[in-house]
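Note that chain A is present in both complexes that follow, paired respectively with chain B and with chain C.
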Partner chain A sequence: MSVAAFISIAILTLAGALAAACLRKLIHAALCLVVAFLGLATFYFFLGAEFVGLVQVFVYVGAVAVLIVFTILLTRREDEDAAGFNWGGVIVAVAVFAGLAWTIMKTPSLSVVAPVIEPLTVKRIGEVLMTNYVWPLQCVGLLLTAALIGALVLVMEEKR
Partner chain B sequence: MTPTLQLCLIISAALFSIGLLAALGRRHAIFILIGIELMLAAANLNFIAFWRFGPEPQNPTGVMVAIFSIAIAAAEAAVGLALVIAVYRHYRTTNVRRFNQLKG
Partner chain C sequence: MTGERVDQIFVVAKHWLLSFLNGAPEWLQPIVSSLINISAVLGVFMALFALISVLERKILGRIQNRYGPNRVGPFGLFQPIADGIKLLIKEDIVPARADKVVHFLAPIMMAVPAILALGVIPYGRNMTAFSIDGGILFFFAVGSATELAVFMAGWGSNNKFSMLGAMRAIAQMVSYELPLIITVLPVVMIVGSLSADAIVQAQAGYSHGFAPRWFVFTPWGAAAFLLFFVSGLVESNRTPFDVPEGESEIVAGHMTEYSGFKYAIFFLAEYFGMFAVSGLAVTLFLGGWHAPLPVLEIIPSYVWFFAKLATLLFVFIWIRGTLPRMRVDHVMNFAWKFMMPMAFTCILAAAVWHYQAHGLGGWLWSLGILLVVYLALSRFLRADKNLSARTYRFAE
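Now for the complex of A and B:
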């Protein structure tokens, strides 16, 4: 992986994220969010976590983005005052970025290059998931079931 | 020349700040959810980067945390968007400035 490819993907991802945060039309913002998520998946591929990149494409681009578009279409109304910008939030975000970037630049131990490793296979991930991480896996299954039921209960029509 | 951990962390910090910008700067409930998703994605990128550049990358701890984090983010998005729909039914708007009473 070369630095030029890395930086060009970074620019694409950050541009997509910035467009998702700043565009006036919600539906355009949701489509730009898809670009940002695809860029992130490319980063995971670059960093050697192919399985996470694939999961990112399936879950975020396949499910979350579609869910957001559905919600936008269900709650669509053209009230323009909702498109206003809160400038205090912008100042806070820029200050947080400045602080984080200053800290990262000042830390000398962070300028390491990636060590050469053997590729992480899906078989290995499955083995670890079924041995060391079996309790977290069960908890996530329970959480997803609870979220499914909770989302259904929240959007169900009340009986009169 | 290959990228360093510093570059990954700078990208992730920028992504986190953009998410914070969307969550704090916009007044639309769906934009706030998009901002939270972006911040979670930035945290995931950090996990993967620290795993890859860390001292023992043959131990896939960071990858596991990232997978669980993606699952939890999906659950959070589903419940959050259901809440947006439920609130929209009541107030007929998604502007968070108008959500100013708990019951009524």
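Now for the complex of A and C:
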């Protein structure tokens, strides 16, 4: 059953990603990207990484997708002016994909049998973040706070 | 014990239904089990939706000195059925220049997160439809998809009022999502878990034998509850924060171009969102399904949950009947300048309360911190307002 679910979700995710790359209207492409994001989140759930899956939905669907959609809305006037097929883009994309696939195939991790791990609970993640990874966490917090304040400063300057 | 049996009647009923599957293959069991949960949640909340939609009009009528619906059935109780039939047989109008697919998908995208969010709330002892470790995170993760649905409705309609309404709705939802989530953090911190069941469990028992240990009875909990409730009002686009659909300015916001059953689904999504936010408020701050006094524990747990939920829903309706709509810029200023600092202060107050061993000292300290920040904020925010006595000029 899980194999069937895996294949159907994989098809849905890939279709979403492909549509996001091919559709003419940018808003449609952005909305199809959301389907791909959701498919990825489902894969995290399948792998038992519940927290990562939820954060994927939270951050990518809730924030990044809205950001993309608004960026398109506020910057572009004409959607249909893209002329012809972008062959350069296709070549770069295929090259990147081939490179990644080749690297993945060469890694020894494919032949290693994964050890049985206990299910990852949110509590465990919290404990590790607060002990072993407390400094990286603080650095990320500092970076994000700086970004937030920077955004506010950029917006507020218009008033003066 | 009969009390216990009445309390667990729905759980027992579910197990009885599942027992029919004993000969069936193994993989069927979880599927049927979740299907039962889903239909229970959907059925209960559809019924509640019908009931609340007529009660809301009744209560609003009472507030405004009129009768409210009283023609269909006894006391107008069959009004939702009449409304449903009316909306079903109405013509479904799609604007000629609308983006058909996006226009069609928007109401569905709107209703799905609201229904999903209802799944993680514990409705009674052993009665959580979808019990996962990160339940609270799940609630907010699916809730954040609503913004995209509002955008789809606004953009897909190809109407400037729709787009303006969607912009307003997204701006205020993004802004108030932060205080909504930050006010949940103190509870998560104190309990040490993101699971809704664990949060309800942590509020069990009574101190001194009678006072319930609900988080709303601590200073930080009370403040966080109020902030959470106000943010919840905004997230479900209810008065006084219903600027996205301000009918005197932008027709009906992102719902302008929707008619018939699609409009009904928006309506349903709004109410389900309201139920979900109220349900989470009950879970987080009002002790979930726990009874307020030890003697009252003979009353089943789900009765307590729905009594608390009904109280919160009544307050939602009461506010709608009482307060006028806020101005758009005031709504946004309120979020960033008042709600956010207060929400962060709740975290601090909760930490102080926790490290004073949950005693009277911690209680007073956290109250003090909250009061100081509240007074400082109200002073500081008034400073640049230039408030002076108004002068009125009348025609002679």
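Keep this in mind: the second predicted complex is superposed on the first by the 119 of 160 C-alpha atoms of A that agree within 3 Å, B and C clash if a C-alpha of one lies under 4 Å from a C-alpha of the other, contacts with A are read in each partner's own complex, and residues count from 1 in each chain.
To be clear about the criterion, contacts are C-beta pairs under 8 Å (C-beta built on N, C-alpha and C of every residue); 3 or more make two chains touch, one makes a residue touch a chain.
Remember, it's a predicted structure, so these values are computed and weren't measured experimentally.
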| item | value |
| --- | --- |
| First (chain B), second (chain C), both or neither touched by A:Leu33 | first |
| First (chain B), second (chain C), both or neither touched by A:Val122 | second |
| Of chain C and chain B, partner touching more chain A residues | B |
| Which superposed partner A:Leu154 touches (first chain B, second chain C, both, neither) | first |
| Which of chain B and chain C A:Val66 touches, first, second, both or neither | second |
| First, second, both or neither for A:Met130, with chain B first and chain C second | neither |
| Contacts of A:Val57 with chain B and chain C, given as first, second, both or neither | second |
| Doubly contacted chain A residues - partners chain C and chain B | 1, 51, 55, 63, 70 |
| Residues of chain A defined as touching chain C within the complex | 1, 25, 27-28, 31, 34, 50-51, 54-55, 57-58, 61-63, 65-66, 69-70, 73, 121-123, 126 |
| For the chain C and chain A complex, residues of the former touching the latter | 27, 99, 102, 132-134, 137-138, 140-145, 147-148, 151-152, 155, 170, 174, 177, 192-195 |
| Touch list for chain B against partner chain A, complex | 1-11, 13-28, 30-31, 33-35, 37-38, 41, 44-45, 48-49, 51-53, 57-58, 60, 63-64, 66-68, 70-79, 81-86, 88, 92-95, 97 |
| Interface residues, chain A side, partner chain B - complex | 1-3, 6-7, 10, 13-14, 17-18, 20-22, 26, 29-30, 33, 36-37, 40, 43-44, 47-49, 51-52, 55-56, 59-60, 63-64, 67-68, 70-72, 74-75, 77, 79, 81-90, 92-94, 96-97, 100-101, 104-105, 110-115, 117-118, 120, 124-125, 128-129, 132-133, 136, 140, 143-144, 146-148, 150-152, 154-155 |
